[in-house]
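Just so it is clear, A, B, C, D and E label the chains in written order, and each chain counts residues from 1 on its own.
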Amino acid sequence: MITEALIVSAILFVIGVVGVLTRRNAIILFMCVELMLNAVNLSFVALSKLHGVTGQVFVVMVMTIAAAEAAVGLAIVISVFRHAGTVDLSSLKLLRG
Amino acid sequence: MRDFLLSIGAAAWVLPALILWPIMAAPLVRWIGRDTVTDDAADGLDARVLTCGVLAVEALLGLVLLGVYDSGAAGWQARFDVPWLPELGASLSLGVDALSLPMVVLITVLMPLTLLGAWNNVRVRTPSFGALLLLLTAGLVGVLVSLDLLLFYLAWELMLIPTYFLIGIWGTGQASRATVRYVLFTLVGSLLMLVAILALWNGGGASSFHLDHLLRVRLTPQTQLYMFGAFFLAFAVKSALVPFHTWLPDAQGSAPTVAAVTLGVKVGIYGILRFAIPLFPAAAMHDAVRMTILVLAVIAVLYGALMAMVQEDLKRWIAYASISHLGMLMLGIFVLTPLAVQGATLLMINHGITTSALFLLVGMLADRRGSTLMADFGGLARQAPVLSAILVLAILSTIALPGTNGFVGELLVLLGAFSEQPVLTGIATLGVIAAALYGLRAVQRVLFGDAPITAPAIADLSWREGVVMGTFALAMLWLGVAPGPVLRPLDGVARSVVEAAHFGPNAPMGPTSTRTTP
Amino acid sequence: MTMADLPMSGSLMRALVPELLLVTGALGLLLATVWQPQGQAAAAAEGAERTSLIARFAMLLCGLTGIAVIIAWGDAAAGTADGRIAGDGFRWAVDLVILGGTGLVLALLDADHERSQAFSPEVPVLLLLSASGMMVLAAARDLMIVFLGIELMSLAVYVLAGVNRRSARGAESAVKYFLLGAFSTGFLLYGMALVFGATGSTRYADIATWIAQHPALSPMLRIGMGLLLVGFAFKVAAAPFHVWTPDVYDGAPLPVTAFMAAVVKTAAFAAFLRLMTDAFVGPVAEWHAVLWWLAVLTMVLGNVFALSQTNLVRMLGYSSIAHAGYLLVTIIAHSAGGVSALLFYAVTYTLATMAAFGVLITVSGGRDQAPTLADVTGLWSTRPGLAVAMAVSLLALLGMPLAGGMGFFAKWYLLQAAWQAAAPQAVLAIVLVLSSVVSAGYYLKVIAAMFMRPAATNGSVAEPVPMAHGVLVLCTVALLVLGLVPTPVSRLAGRAHLATGAESQRTVPPAPITTPLSTASLTR
Amino acid sequence: MSIVSALELATGAQAPAHVLSTTVAQYMWLLPVLPLLGAMGNGMIALGVGRARGEQVDATTARHPLVTLMGPGVLLASFALAIAIFVAMLGAGMSASAGLATPFILRLGSWIPAGALVIDWAFQLDQLSMLMVLVITGVGTLIHIFSVGYMRDDAGYARYFAYLNLFVAFMLVLVLGASYPVLFIGWEGVGLCSYLLISFWFRDAANVAAGTKAFVVNRIGDAGFLVAMFLMWRTTQHLDFAGAHAALLSQAGTPAVVAIALFLFIGCTGKSAQLPLYVWLPDAMAGPTPVSALIHAATMVTAGVYLVARAAPVFSGAPAISLLVTVVGALTALFAATIALRQWDIKKVLAYSTVSQLGYMFMAVGSGAYTAGVFHLVTHAFFKALLFLGAGSVIHAMHAAYHATHRHDDPQDLRNMGGLRRVMPVTAVTMGLATLAIAGVPPLAGFFSKDAILSAVFARASGSPLAQASLLGLSGQTILLGVYAVGMVTALFTAVYMGRLLLLAFFGENRTGSDAAAALHEAPGVMTIPVVLLAILTVAGGWLNLPELMPLGRPELLEHWLAPVTGASAARLAGTVPLAHGTEQGLILAAVVTAMLGLGIAFIAARRPITDKAHAAPDTGVSALLANAYHVDAGVDAVLVRPTQALASVALARGVEPGIDGLFSAVGNGLTAVAALVGRRVQDGDVGKYAWVIAAGAVLMLAALSLR
Amino acid sequence: MTSFFEFQFLLFSVLAIVSALLFVTRRNPVPAALWLVNVMFALSGLYVMLDAPFVGAVQILVYAGAIMVVFVFVVMLLNLGRSGITDLRALGARLGAGLVGVCLLTMLLMSQRQRLPQMPSAPAIPNVVTPVATSLFSDYLVAFELTSVVLLVAVIGAVLLAKKRVRA
């Protein structure tokens, strides 16, 4: 069962990665990253069944960090939106070359 | 005189003084003078005077070194040893022997003379110019007297940066491009040499960079090949051996006179004699390596001469002539017979003198006419007979006319090389003909014929230039007629180099002495 | 279970004194930022000055923390008993570099702020908090703490990149940095999970022990290790995980870019080195080749891409990528020499970067636009001091002796580490020097522009900024003097030994592939 | 005898002090030093004048009285010293028991002390060098005096004497040097002076080109000389005459000796204008005419002959090369003589004549008749100097005449002369004597020397080692007989072209132009007196070495004089059977008849009317070939000069050099271009692309770690 | 029991994966966010089944309840929820992403090639909160405290970036 959970975790992680690679909306991109973190959390929980409670502690930490990242990330996105009027990453090309 | 100098302990302090004096004086020169983009001579203390004074003291120190040197004794002299970086085992080890002594004296005497001769070559930002020149002097001297390889490397690179700025800031034409190329070319070689120094130091127990210590490090022939390659590349690039020469005409072509002169001092050759061959004799004696270098050397002799034959710019012309001579030097060194090596060392000194004289003269012409193109000159012999006479003398020295200094070294190199490599030497001898072609072509275009009608007449040497160039002329003749005082001590040098190559600790034939690995 | 059972004991406190000091001080400064003076107008007028004031206090705080670090080092303060926080010389040395770098960045921030008025008073606090995260990172010997340290450091830097709210470029820089950073964090975290799964612990000592007992690496450990490498490679900007660097550096405010280029990189490298030589000391043969190629690729790509740049910040960005490649050598060397080389290099690189950015800040004059080659052209005629400082710092980055001061010895120690590695890295050393030659191509381009070309006739002469000048003088003099006598720094770096699993858990046999990490071999 | 003592010297045996060491001969270093001092003094004056006046130098300021005093003065002093030394030698030769079998070597100091190789500043005085010194200083003095008149109106007066003095100094070093390197100093030094003097009037590019050509062609020979020295050092570890010759004698006939002789001879062909390196000499006439007399007739160009005589032990050890020398000499003699037949420039005729006469000398020294060669060298120095000085007087007069009448005709063109004997009687008479001498009319000097050569060649054709040697498959006997035949033909041609010259210049109608003819006048005394003195020598010179069968005085003085130097070598190549008296008389008769025949042909040919240059019909056929000197210059230009220039300026300067340069630049530029391109493509600011790169990198990383 | 348990596990797994797929393919951010919430619910179920009820609960509270709400809030705030706008990349980029995704999945699944190590510990934990709490406040006290600083940074950062007034 742990193995199955890990496989699900890997699939979810890759879905998150593919999402990051295919989307242009900064918020969706960010959500895809959240999906990746969730996938990792699943791994931690599953492995926690194997190795003890440390994995669960790690998950708690990750959630906290995810919350913090969400706060900062969304603030940054808003800040970009203020300047560019869009959150489409393909159109953010002030910095290039 | 010697007793007096010894009594004031000169032997102990003269070498550090030679290096430290210009380094310490450089900031003074920079900050006492006023750095302006207009003609500096107009107001305030002329930084050139100051620089020249500092360099004159440096030359005196060089002569003091000559004074304390005991030509009878063997080994390092005027040694100076203080620990520097205990964690690496590097020390400030200085010393001279018969190989470095004449080079040190040459450079220290050359620098003030050159500055005097090229007095009007640089008129703007003279304080910075002077400071950089002093640093460059320290670097040149440092390269010659360092016995510690790390210190040597530092000095080696210390030559680089001031030259970079001297060419880039005070150069003409495509100076900025030329100077970047110079640095890049040099860096490729020198950084690889750094790796080799590291490897050598590590092989010696990572305890000391002292040459004497590293000479005793046991190396397999294969290792020697790699390390020799790195060292040789650094020195070959620096001394512009074909095909690593293309930076030299650009650099010397656009450099201010003083920088061009210092580029003409073949410290790379010194490096080969001092480090590359004694440290890695098996590689230097390796047949394929040697043949490659010798063939390159012979190619350089002819190639440089042929290229010099078609140059339109006088500075580039000198540069190519100097590339040709470098080939001769390399030939002399790598046939590794005592006679040829001795000739090469003498040629190294003579080349420094002759090339300096040529660059000074061309620099004077450039300052007078604002051009170094041969086409802009003509009939100089009528307008400036003294300048012309000395120019002819310098050119004759370049083409190795007997009786001038250029001949003696070349004769010895060829004589010594012939017994080992008759065919290659025979081909190199053809360079003598090519030299006549390029040398006389310049005489023909610049001195003879008619002056360009539009240009104002070129003034003859001023008294200052006259004194400087007279010194050079005397030196060229003296070393051509009686080179004995310089040549005799080089006998031992040549023998020791050849001996090191044949019988050194790492030589293919094995050591004769029972020196052991630390 | 009472509070007394909790290990909130003196030993934990002692182990974290500098960090606590820094965070506490930062909180104090944070309070100062929200203290509202009388009246809105006064607030608006004072806001600018307050940033400057707080930045100076923050510098003081860095100094105090530095003293605390020195005291801790002098006392040979131990880490925590469970081995999750190291108390070794490496930590303290890295702390000093971080604090010094942060102090210099604060000074640069102050200088930039004087022109651009771009920074709120909270910005110095964020810098300090980020630095505290780095200090944790330097000490962490547990994956979880590493994760938190990285996040603490990164979150603050994400914000800092976009902290100039008038700057669209800053915002773009921040969002790019943030998204890619979070993306890479996913990989890092997944790696941690797999390593945890494979070894059953997040503690380095346990991981090392487990690997020592199971030398045949399980696939999970391999993949986990790989994902960790990806995460760290992103943080240190190693090719091909460097792609974010030029854009982010370009858009971020100059002092923040300096912070990212020097301090963040140092901290990330410290953590990276500790991970690889502590937790993964066993499978060195496994990751060695990967890091080797990573290093080569990074050096070459960084230097080559920098060649075509005229935007100086991007150029320095690519240059910093190349330097990451050089620093990877210290990890590959996998020896005590590598550790001290890393520290020596970090000091040099920090000083040189700060000097270079000090010049850029001065010449940019507070514009929200990265300085280009045109901005420094002819600098020697207008501001010779700046030109000289820039030249020294660039030559130091190039590794030129004497003129580049410490830069040469930094390179030397790198080469030495490569050469004296357990498996001598001759080829790597040669690639390193050859790519340095490439780097000369662009460093010299800048120097040539400054010294060998006339200034634009209509160009305005950069006004001097005292704080930036202070940084410049300090960094330049330090670079030059320590370039003549590098012994103090190299001694310090040599003393910074790294605690490994064997020291906290004495029962564990030594890892199969080890290199002499004892102090004896370090203080030769 | 000399060989034995040379061996002793070589093996380091302490030779007793030489008999000459206490005589005036110990001051022989003054011989070159005096002219050197003169050169320096005159040079200073020249530089001083030039510096003070800049371009405004004119003849009156240039003609510094000190120069007039010093220039010929130092030569006179040298000559006086030479005479004194000669007297001392004669005295020593009579008193010393061993005669003067060994040379007197004066060691002044060391020049190149390089370990195993020690080259001293050492002068060697023996019969050969004494003879050369006497010729050089004697003829040199006369020419210097002549020059005072010839150059009096030239702005470069002081410079001229500086160069000329310097030349004499180097020439004396050449003949006095006791080792090959010291000889080489003089060897190249005279080349330099020759260069400087040919391009003396350097405003004219043609003159400078001629000078450059002379120097470069000489350098080709010099390269051969250098290689000969290298070989010698490699073979014997000696470079001084005594040591090297002794060592080489012991290995005569070995390939090393053959090679040394060959390369030495290459050196000689350059300096002495033999085939194929003769091309510079005709052009060298661009210099002032006294220079042509001194350098390009009397002294420098004969250095090659001197060298072969000096290195006689080497050449006699390589009979094949000796044969080669003879053949080259013969071919050169004929070749140049034919060209001289169709030249109109008075100096060109004399130049080709010089080349031809040098060929005779090489015929002699090649066939081992060293005395004959040197004898011809001496007599040639007299009569050819005389001819050149006479030509100089003529040109001087013509030039002055044209100058006075502001005409721009060529003062050297024979077509512009004619009938000059009426205005220049002294010149006409003296030149007539010289012409007879060179044509081989007895009892003038040239007759004896030329006869000595031809009979020597004929004599060696049978029974000598040379006759037994072979070259290119031909037997020595065939070759020598062929050489003799060529010599006779050349003698005929010599008589023809010299007769033609004399007749065209001094006889017939004057073609100078009516107004200019009036301005023609005889040269001043300072010019005629040296000419007259030379004429006396031309007449009397033959008595130096009378053949035995002519009871006119003491026979074979020179032969005896030179015996200690070249006698042994000559003996090694000479036949065992002396020439029968009858044969010898026949040979003499043949020579005389040939000369007369030639002069007769010239007389007949000269009756043809002369059209001036502008109206002359273009030459055709053989005539054109000869007038253009067989197109050798054009050929060399096309085969050697242009390809070299093309190689340098096109292949190397436009091809290889930019290629090498481009290779290095391409690396840098390529990297930068790639960086710019890839940078634009990858770093285009798109986060998605960056993320893709990172993910792909992660895949690679994982693959690298797990796929193993 | 086992089969039902396995069925349940499969159900939540499939739910999570399908929701995730739907999440990445939705064009509009709002449905996408809701599908992501669905993923999180499914994960929460999996956590409970993996003997981590505490984490499962926190997952609902923090992720679904707080974080995702903020996301949706921001989407609304920026008015990004308009239909008809796709933020999907071009086909080439999607194919590239797919390729990388497949490779990455292959690599990640390789980690499961070997049987998991059997650790002596890890019996079923009856009381799930206590061990977590104990561990959090003993072994990971430092980490726990660090999160507070991280959150502080997040607060400062968010305020700094998002507040309206730009000081002159």
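Note that contacts are C-beta pairs under 8 Å (C-beta built on N, C-alpha and C of every residue); 3 or more make two chains touch, one makes a residue touch a chain.
Here the structure is a predicted model, which is why all the values come from computation and not from measurement.
Undergrad: Using the contact definition given at the top, which chains are in touch with both chain B and chain E?
TA: C, D
Undergrad: Of the chains present, which has its C-alpha mean closest to the combined C-alpha mean?
TA: Centre-most chain by C-alpha means: B.
Undergrad: Which chain's C-alpha centroid is most distant from that of chain C?
TA: D
Undergrad: Tell me which chain's centre, taken as the mean of its C-alpha atoms, is farthest from chain E.
TA: D
Undergrad: Quick one: report the Å distance separating chain D from chain E, using the average Cα coordinate of each chain.
TA: Whole-Å distance between the two chain centres: 102.
Undergrad: So the centre of each chain is just the mean of its C-alpha atoms; given that, what is the distance between chain C and chain D in Å?
TA: 79
Undergrad: Approximately how many whole Å separate the CA-defined centres of chain B and chain D?
TA: 38
Undergrad: Could you state the distance in Å from the CA-based centre of chain A to that of chain E?
TA: For chain A versus chain E, the centre distance works out to 7 Å.
Undergrad: Using the touch rule from the top of the page, what residues of chain E touch 2 or more other chains?
TA: 89, 93, 96-97, 100-101, 104, 107-108, 110-112, 116-117, 119, 139-140, 143, 147, 150, 153-154, 157, 159-161
Undergrad: Out of chain A, which residues touch more than one other chain, so two or more?
TA: Expected reply: 6, 13, 16-17, 20-24, 29-30, 50-52, 54, 57, 61, 65, 68-69, 72, 75-77, 79, 89-90, 92, 94-97.
Undergrad: If you look at chain D, which of its residues touch at least two other chains?
TA: Each of 668, 679, 683, 685, 687-689, 691-692, 695-696, 698, 702, 706 in chain D touches at least two other chains.
Undergrad: All pairs of touching chains?
TA: Result of the pairwise touch check is A-C, A-D, A-E, B-C, B-D, C-D, C-E, D-E.
Undergrad: Looking at the complex, which residues from chain C come into contact with chain E?
TA: Touch list, chain C to chain E: 1, 5-8, 12, 16, 23, 27, 30, 44, 47-48, 80, 82, 84-85, 117, 120, 122-123, 125-126, 129-130, 132-133, 136, 142, 144-145, 148-149, 151-152, 155-156, 158-159, 162-163, 165-166, 174, 190, 194, 197-198, 200, 218-220, 222-224, 226.
Undergrad: In their shared complex, at which residues does chain E touch chain D?
TA: 89, 93, 96-97, 100-101, 103-104, 107-108, 110-111
Undergrad: For a test of understanding, state which residues of chain D touch chain B in their complex under the given definition.
TA: Residue positions touching the partner: 43, 46-47, 50-51, 54-55, 57, 109-117, 181, 184-185, 187-189, 192, 195, 199, 202-203, 205, 208-209, 211-212, 215-216, 219-220, 222-223, 226-227, 229-231, 233-234, 644-645, 647-649, 652-653, 656-657, 660-661, 664, 668.
Undergrad: In their complex, what parts of chain A are in touch with chain D?
TA: Against chain D, chain A makes touches at 17, 20-24, 29, 89-90, 92-97.
Undergrad: Show which residues of chain D lie in contact with chain A when the two form their complex.
TA: Result: residues 679-680, 683-688, 691-692, 695 of chain D touch chain A.
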